[in-house]
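Look at the two complexes coming up: chain A is in both, with chain B in one and chain C in the other.
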Partner chain A sequence: MSLLAPFNKLPTLNTASILLVESEEQFQQSLAVALVEEMTVTVNVRLARSLPLPLENDESRPRIDLVVFIINLTSDLSFRSAKASLKYLDPGYFLGKVCFMATNARHASVHTGLLDAVRQLAVSLHCPLLFAEDQTPEDVKSSARRLLTILKVASGLVPNTSALFLSNLTRCTMPLDIDQPSFD
Partner chain B sequence: MDDPAKFLLRRLVRRIPAQMLKATLEKWGRLNAEQRESLNFSQSKWALTQELEALCEESRLTVKHIAELEMIYITENPNQMMWHAFQLLDPEDGALAVELMQFKELFKCHLRELVRNVSVKIKKHTDEAVWIRMSWGEGFSRLSHLNATYVVHYLQTPYVFVSGLSPKNKPLLLQVLTLSTKHERIKDANLSGRKLTAIRDLLLRQYEHVFPTKYPSPLTERNQSVSNLHTEKEQAEASAKRHQMAGQAFGNGVLPALQSAVYKLETKFKDPTNQTMTEQDEPFRCVVKFSSTNLLESLRHCASSGIASTPVAPLLSSIPLKGRNYFVITDKSPSANS
Partner chain C sequence: MTSSKLAVFLNKHGHRHRLLTMDEVRADGEVAAQLSEAAKAELLELCEEQFAQLEKLQEEIIQCEPDSSEDPEDQLVKRLMATDAELKQWLSMKPSLLATNSDILLQAGKDEMLKLCSDLEMVVSCCEAKRDKLRETKELEQKWLEEKKQVVLTINDHIERLRVEMEKCSEHNIFLETKAKIQKVKAYQENLMENLGDILAMHAPLSQKESSASKNKKNFPLELNENHISLSEILEVLMDKVINTPHDPYVTVDDTFWPPYVEMLLRYGVAVRHQENNFKIRLETFF
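Let's turn to the complex of A and B:
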């Protein structure tokens, strides 16, 4: 099966591996450059357009600690592509090793239905949803820093904290005033 | 200076942007240096026109000279008018040997045979193109220089680009062109656009082509956008393949700046969920228009980023392949129609 599994390989010392999945292949390039600059930990970045990943690279691929789906809120295609890629992930990843990153939230042409759909997706999978901007180098650096925080926990480099523990604190929740039965 | 000349001059000065006016007048050469010095280019266009009119009166310039000025401006800036391409077919024996003087003679001669009331000016541009400006007259009335037709022909190629041709004069001009280039037929190439340079480059295929290869280039440094030991692209092969196919369909490097493509559909409506529309016997008429600042560039990007599936669909790849941007699609096969 071509499912990406979280624990079927051995980890390497002081290393963290992250997989960035983005159907447009734009933001992931600059994020990769910013992520690799981290000094305290060796960060391996893998870039993909969608899952499943090609089998040929299976040998050389390190154990992926965090999978990030980058969704461009102005493009319906990127949301559909991310959703279709989800079924190629082993369910073990959804215990804190998957993260959604939405870009271009401030753009004028964002369809509100799409934002709600992304939120619903993140809520149903109990994953964190980060909003990031990709326009300036500072924006990219701050997005990379936030990802690194989650990555360090997911790869077990932070003592007394595990990915599942962190995900309970950071997971996305729907605002309470939507679709709630009134309690009169 | 009579009225038509004044009118033409006024319209021309309005049309030429202020920065180019000085250089164009210099190139024209009908006003001598001191007359040109006396013009004040920083004043309003209306005042400038008055001064120019006065100078032209002084030098006794006629409408023919003003027409020259217009031609010089258009030759330098051909990207403002709507151009249509035509293709010459069935060359006779001497077609490839027709050079400038012979073409000029044949053109003028055949034109005189067919039409009496027309004024022609032929000029050779620096890049091997022959420019022809024609002013037509209605029947026996005077020539009107206002709506001139411009024709550009590259000698020894079977392509002609025309702008400003009225439907009445179209068959005449096309017949003259066919005869003077020693071909038998001429047909509409179904290619039109504002930028002459773009449609010319597309038709003459003057852009960087990519040829299909079984073994892609061994130099992998070309597409290294993430050049770090710790970063790796998982689907690099698939991405490189898409790039290669997109390049094969559209070409590499800078592409001619085609700005629109029109597909006219006359096919039957096919949608299994919509019974009422599918039942109609007549074809569903629909026109799809793509427009962009550089259409070929955007189509190539669609193919290489995976938005359009590869191998590139023949409807899209036939734009650069056949050099057309107007297609009529019927149920049997995609066909040409003028």
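Let's turn to the complex of A and C:
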């Protein structure tokens, strides 16, 4: 089992690398196109259906600064796939270099409970959970902008901030009443 | 994650920031191409130094054995440790001079200032846009408020007017209406009575005349004839009785009622005889 580790490679100058993991490959492509439009830094986007990543191009792969799991809320499979992929990440990633992105939350056929499950997952791993829509170019653009903000911090491009610091502020928290029954 | 690894990891973090600041400076230097050769050399040297340190730290990280634990409790503890270590790092970090060369410092400072200026300009324009929008909204809302106020005033006025009108009109109106109805009913009754009188006068003349005519022929006793009342009077008596004492509508047939009239009334179903007393009749219940 090859773990993807956050610090096993040297960083490249003025470059931020992001790995988009999505089992259905619906949103990945458009999001990647929107991400590389960023001008101030070189954004390196890598796409994957699931983890672990294949070993053969391990050498050419840059250091991944942020891993984004895109979960389609209308499909149970995407959630299970993302959950299975989590095992192949080094624990160091969970100190602010992983983020979940839930899509299609507005869709009518959202599985009840799946949203709660995703939220539960994000809470247990102390990761931020973003909600995004992929219907219009504006939606994709704004999703990309949000990801870039996190990516710049995670790759150390923002002075006086670190990924851990940011993630402590932005991690998903569960309202108490979902987790435990209230007694009043 | 062991604490030594944490320290390494965090050192690297802090280091990376400084390195990047240097990179920025270098990039600016290249673009501006204003720095002297000496300053450039110094910058490059600094970068090399930093990169060497980075490589050293990278080595150390890789040397550390990876400890993967799936236990969320464990991860939570690690997270706490890492945050704590980072906090300590921030607290102990001393601000250090970028470089000793004044050229570099000037360039970096200038650049920072320009960046700050552009950022602040953006903030200003954003605030201005927001303010303008708010002002617009405020004006709109005020206009709405004004309109709403006027509507309220008008409605109140209308209500007041309606109420006054109603108070003034209601009693008078009802009175007039009732009066008109009464008059209509009265006229109708008059009409009916007139019709009845006409019919009676035409078809049932006073018994006196007839009796006076028959007196000569059939030799009826005279006093009887004189007491007889007309058919209309009989009907009047019957009707009065029904109206005045509805519980006892029977009228005693006495000698003032000419028997043929009574017979006629009974036969055509205008009057009904009392079930037990043959001498009492009442008007048929038409209603």
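Here, the second predicted complex is superposed on the first by the 177 of 184 C-alpha atoms of A that agree within 3 Å, B and C clash if a C-alpha of one lies under 4 Å from a C-alpha of the other, contacts with A are read in each partner's own complex, and residues count from 1 in each chain.
Convention: a contact is a pair of C-beta atoms (placed from the backbone, for glycine too) under 8 Å apart; a residue touches a chain by one contact, two chains touch by 3 or more.
The structure presented is a predicted model; accordingly, all values stated were derived computationally and were not measured.
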Combined model on chain A: chain C and chain B, fit or clash: fit
Which of chain B and chain C A:Ala32 touches, first, second, both or neither: first
Partner chain(s) touched by A:Val110 [first = chain B, second = chain C, both, neither]: neither
Touched partner set for A:Asn14, first chain B, second chain C, both or neither: second
Partner chain in contact with A:Gly156 - chain B first, chain C second, else both or neither: second
Contacts of A:Leu164 with chain B and chain C, given as first, second, both or neither: second
Touching partner for A:Asp90 - first (chain B), second (chain C), both, neither: second
Partner chain in contact with A:Met174 - chain B first, chain C second, else both or neither: neither
Spatial angle chain C-chain A-chain B, Cα centroids [nearest 10 degrees]: 80
Per-pair minimum CA distance [chain C against chain B, superposed on A] in Å: 21
Residue numbers on chain B that touch chain A, as the complex places them: 225-226, 228, 230-235, 237-239, 305-307
Of chain A, residues touching chain C in the complex: 3, 5, 7-11, 13-14, 87, 90-92, 94-95, 124-126, 156-157, 159-160, 162, 164-165, 168
Chain A-touching residues of chain C, taken from the complex the two chains share: 1, 9, 12-13, 16-17, 20-21, 23, 27, 54-55, 58, 61-62, 66-70, 72, 75-76, 78-79, 82-83, 86
Sites on chain A touched by chain B in the complex: 19, 23-25, 29, 32-33, 36, 42-50, 53-54, 56-57, 61, 77
